[in-house]
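Next come two complexes built around chain A: one with chain B, the other with chain C.
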Partner chain A sequence: MSLRRKHRRWYRVSRWALLPVFIALAVVLVQTVLSTAPANGELPRLVDEEMSASGVLHPLTAVLLNFRGYDTLLEIGVLLVAVIAVWSLDASGKSGHLRLRLPSPNNAALRVDLSIILPLMVLMAGYMVWIGSYRPGGAFQSGAILGAAAVTLISSGMLPAPFGRSRRTRLALAGGFSFFMTVAILTVLFKGRLLNYPMAWAGTMILLIETLLAVSIGAALAALFAGVAGIKVDEPGSPSRREERGP
Partner chain B sequence: MTVVSIYGITGVLLFVMGVFGLMTQPHLLKKLLSLNIASAGVFLLMVALAYRGDKLDPVPHALVLTGIVISVSATAYAVALAARLQKITGSPTLEEPAVDEP
Partner chain C sequence: MIPVLQQPETWLVAIPALGAATTFAFREQGRRGVVSFVLAGIAISTAMTFAKLLLRGPYSHSIGGWVAPLGITWQIDGLAAAMILLTSLVGVMISRYALEYFGSSAEEQRQAAYFWPLWFFLLSGLYAIFLTADIFNWYVTLELSGLAAVGLITLSEKPQALTGSMRYLLIALCASLFYLLGVVFLYGEYGSLDLTTLAARIQPGSVTQVALALMTIGLIAKAALFPLHFWLPPAHANAPSPVSAALSALVVKAGFYILLRLQLVLWPVVSTRYLAIGLGALGAAAILWGSAQAIRQSRLKLLIAYSTVAQIGYLFIMFPLLHAGWAGDPLWASYAWAGGVYQALSHGLAKAALFLAAGVVIHAVGDDRLDSLRGLGEKLPLTATAMALAGISLMGIPPGAGFIAKWLLLSASVASGQWGWAVVMILGGLMAVGYLFRVYRRLLTARDVPVLHQPPRRMEAVALTLAILSLVFGLSSYPLFYLLRIGAPASVGLYLEGLP
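The block that comes next holds the complex of A and B.
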């Protein structure tokens, strides 16, 4: 039997063959959740005890940027690698992968809406970074808002289609990781331990890192979107336009 | 029924549904969606488990926040790969190209 036919047969049969297996798995897992013992780990207590040394007041931010800072460092690295990987699959940077087609950006209502929404989104992103030190918020939430703002701009045709390959975007993409990495190396050199900030500077360091991270995360999310979607904007006078208007 | 078990069970069911879809859907985009449903289930379970003690455990929450960003970037890369595969083979599945047929 050829591989092709095996492939088709698997997908014809698998749904029914696997259904009982997965139902059983669901039952077992639900029982496991129901019978989990109350937490008795050391971590919440440790976080609590060390909070005063973290430089921030919110435990989540303290864990992300201080106690487990290396997670965040690797994460922004992964984000950067993902952007590079998506770009390298489409070396020209012009075609994109999916070729989304959008209406022309010359739309007055769209422009007015964006001119109100986008400044608010940037303001909100800045506020998110700031508030992260004592309430839920921080670089990721802020980066997500910045990314959404950039995606809005791209998909309304206001940013050039091969977004992200200019020097400025590359700088925004790599800025967060480079700065965070520099800090990590410096802390290893001077304090002997990775991301062990001097206590007096911890708060300032975290805010600075988070600001750069937010910009990088926003830029990376937007670059991933643009790289995958490959936006194509209908210019006035392009073939499809002329067809619409008729003779 | 506590908050932990409601969210935990929802998370577990999402996970099982996602893995089931991953294994039974031939279309790569559906596989990716299934994978994301499964990972959403895992995240939900982890967030729920952080509420078990008398105090909220911030470490699983931090891990989930990191995980979400990783899964977004992995998904974007996978979509790009799938789109490229379709461009080359003309098929959105992992099926062998038709030339293999005897």
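The block that comes next holds the complex of A and C.
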């Protein structure tokens, strides 16, 4: 017991001891930010020059999907790894549990709301991918909307939670990354470089990749929501909910 | 040549990544086939990458056909190839081991279902780290491999593994952010993320120094250098054994590799001798502290994990020696560089062998207490031999590869008159004898122990193969020196021919 108290006191002391370290770090960072010269405009100029070869009209999309598309490819991999890691926790019962009380299936207002909002969300997601080639938008924004739609469905009880780990879900999750990687391989075979799209096809390929990425990103966000929360569904009026109110 | 074989380096990243997606989507269906395909692909691509490097000399691959600084460029030279070789050797061996490690019980099948996708993503991320020469791309690849490593640790059913992996996750995220902050400053200052472009533009200055310092802090946390090593023992010791092997042999080397790349290219300009000496001092502290802790442990995997803390220390002794070489005789820098890379390789092979052997022991007797090892030398002779041979390399006794590493580092420190590092390294070698003989003494005790499960022969064979490999690299140092010379930076490559 005394050891534990000692440990706790040490923890409290060490926490305060770290304060000057962080203050010093903050001072150094602020000073560095202030003394950083504004970046020379070389890269924006290069992006402008090569825009015509990128297959799209918006510089952000050109950087994300073409000039530095390889970064994006790996980032999609990171998202997939995150889902796999969270699922591996959940299956062993290690993750926390959030109890979700489902609304009654007869809730007419909810059904009407959803039947209006959800189609709009899907439409919006498609629109986001489409405009990405010439305006701010693209796979990530679209995926976020799709993910929100799926979360809405899960929490209103219309999509089975915990967001079934069926083959279909896994294919949706891995599809974007696999397709992107396959394109990368095909470009190696035909053009000799990773992600070197044939110029005439660049726009079409980017649109296709973004569409599949949007689906995978949406699925990943929904899977993370369902997985992290460790959702256990209580049917309305089920007795199990009362047991959870214990001390 | 047919086009498939012209860019073998791209397959190193693509094949494991697609293997990961496939084993995730289709689970156990056709898993053995996918694994065999990935392993064959890795082996062929590695061989082809080597052939290309030897025929063409150092080369680059501009991704998407966009030349740096607009696009991302890979640089393949001797150092990258050496790390790729280590990853492929250890990666293939661990995969063969894992095929036997996960049995048929429901719990083990669950672990396997998540192990394969995460493991293949980890491999893909590691290859991506060793290939690239872009400071932001390193951030992305560090995230990919780091997150996969966290997921792999949690596969163990032990509660300590969950705590260990959580701590690792928090440290890894913090470290990534420190690194990213440095990247942002460098980009702001020089307008490029490409290492070669940066090397041409970099100038001494306060922003540059802060940026490099932030990146260094992030990377030494990833490499588990003392005193930022505290996350390593619980994470590495409680993970499933094939995962422990991958973490100690490969993952910590990734942070070190990036730091070394930055050091070789950027630091000669921004001369930071005191930072180098500081890194060396932390390395020396790691050797002494890690070894001392290893001697105190009563569990085999914790002992091996603390030994990793100590062996990482040797890698960082290289930095002050490099700087001494740049200020004085370039020969010292060549010695230090070759010694450091040799240490990364030899430790990778030997440590993977030890962790895999520990996994065999756990399979056989059910736990990894040191006292459970008594009498196992007779029951598991192959595994005991693997532990002995791997230990030769760790202790730095010829003909282990670790001997060449430590001998080169010792020569550099003695020649440059920095005796302090030499004393610490010799002391570290003696302490390694100390903690490893605690293992051997028990293995050689005569005692009739009941072996609960006879481990699959292939698991034992894999551990032994890795241990033998750690000796093979010690028998002849010429091939590796030859490799390191290809495209070596001028700051270290001057006298590589002069090496024995």
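Quick note on the criterion: the second predicted complex is superposed on the first by the 208 of 247 C-alpha atoms of A that agree within 3 Å, B and C clash if a C-alpha of one lies under 4 Å from a C-alpha of the other, contacts with A are read in each partner's own complex, and residues count from 1 in each chain.
One rule holds for everything that comes next: a contact is a pair of C-beta atoms (placed from the backbone, for glycine too) under 8 Å apart; a residue touches a chain by one contact, two chains touch by 3 or more.
Being a predicted model, the structure only gives us computed values, none of them experimental.
**Q** Following the overlay on chain A, give me a clash-or-fit verdict for chain B and chain C.
**A** The answer is fit.
**Q** Check the residue A:R170 against both partner chains and state whether it touches chain B (first), chain C (second), both, or neither.
**A** So A:R170 only meets chain C here.
**Q** Take the Cα centre of chain A as the vertex and report the angle out to the centres of chain B and chain C, nearest 10 degrees.
**A** Vertex chain A, arms to chain B and chain C: 60 degrees.
**Q** In the overlaid three-chain picture, which partner chain does A:V78 touch, first (chain B) or second (chain C), both, or neither?
**A** After superposition on chain A, A:V78 lies in contact with both partners, chain B and chain C.
**Q** Which partner does A:T36 contact after superposing on A: first (chain B), second (chain C), both, neither?
**A** both
**Q** Who does A:L221 touch here: chain B (first), chain C (second), both, or neither?
**A** Once the two structures are laid over each other on A, A:L221 reaches chain B alone.
**Q** Classify the contacts of A:A62 with the two partner chains as first (chain B alone), second (chain C alone), both, or neither.
**A** first
**Q** Report for A:L89: first if it touches chain B alone, second if chain C alone, otherwise both or neither.
**A** Both partners, chain B and chain C.
**Q** Determine, under the contact definition given at the top, whether A:V47 touches first (chain B), second (chain C), both, or neither.
**A** both
**Q** Which of the two partners, first being chain B and second being chain C, lies in contact with A:L195: first, second, both, or neither?
**A** second
**Q** Let me test your reading of the model: by the given contact rule, A:A26 touches which partner, first (chain B), second (chain C), both or neither?
**A** first
**Q** After overlaying the two complexes, what is the shortest C-alpha distance between chain B and chain C, in Å?
**A** Taking the overlay as described at the top, chain B lies 5 Å from chain C at its nearest C-alpha.
**Q** Going by the contact definition given at the top, which residues of chain A touch chain B in one complex and chain C in the other?
**A** Common interface on chain A, chain B vs chain C: 29, 32, 36, 38-41, 43, 47, 68, 71, 75, 78, 82, 85, 89.
**Q** Residues of chain A touching chain B in their complex?
**A** 2-4, 7-8, 11, 14-15, 18-19, 22, 25-26, 29-30, 32-34, 36, 38-41, 43-44, 47-48, 59-60, 62-64, 68, 71-72, 75, 78-79, 82-83, 85-86, 89-90, 97-98, 140, 217, 220-221, 224-225, 227-228
**Q** Can you name the residues of chain A that touch chain C in the complex?
**A** 28-29, 31-32, 35-43, 46-47, 50, 66-71, 74-75, 77-78, 80-82, 84-85, 87-89, 91-92, 94, 167, 170-171, 173-174, 177-178, 181-182, 184-185, 188-197
**Q** Going by the contact rule set out above, which residues of chain C touch chain A in the complex?
**A** Per the stated touch rule, the residues are 3-4, 6-7, 10, 14, 17-18, 20-22, 24-27, 61-66, 69-72, 110, 114, 117-118, 121, 124-125, 128, 136-137, 140-141, 143-144, 147-148, 150-151, 154-155, 157, 162, 181, 185, 187-192, 206-207, 210-211.
**Q** Along chain B, where are the residues that touch chain A in the complex?
**A** 4-5, 8-9, 11-13, 15-16, 19-20, 23-26, 45, 49, 52-53, 55-59, 61-63, 65-66, 68-70, 72-74, 76-77, 79-81, 83-84, 87, 93-98, 100-102
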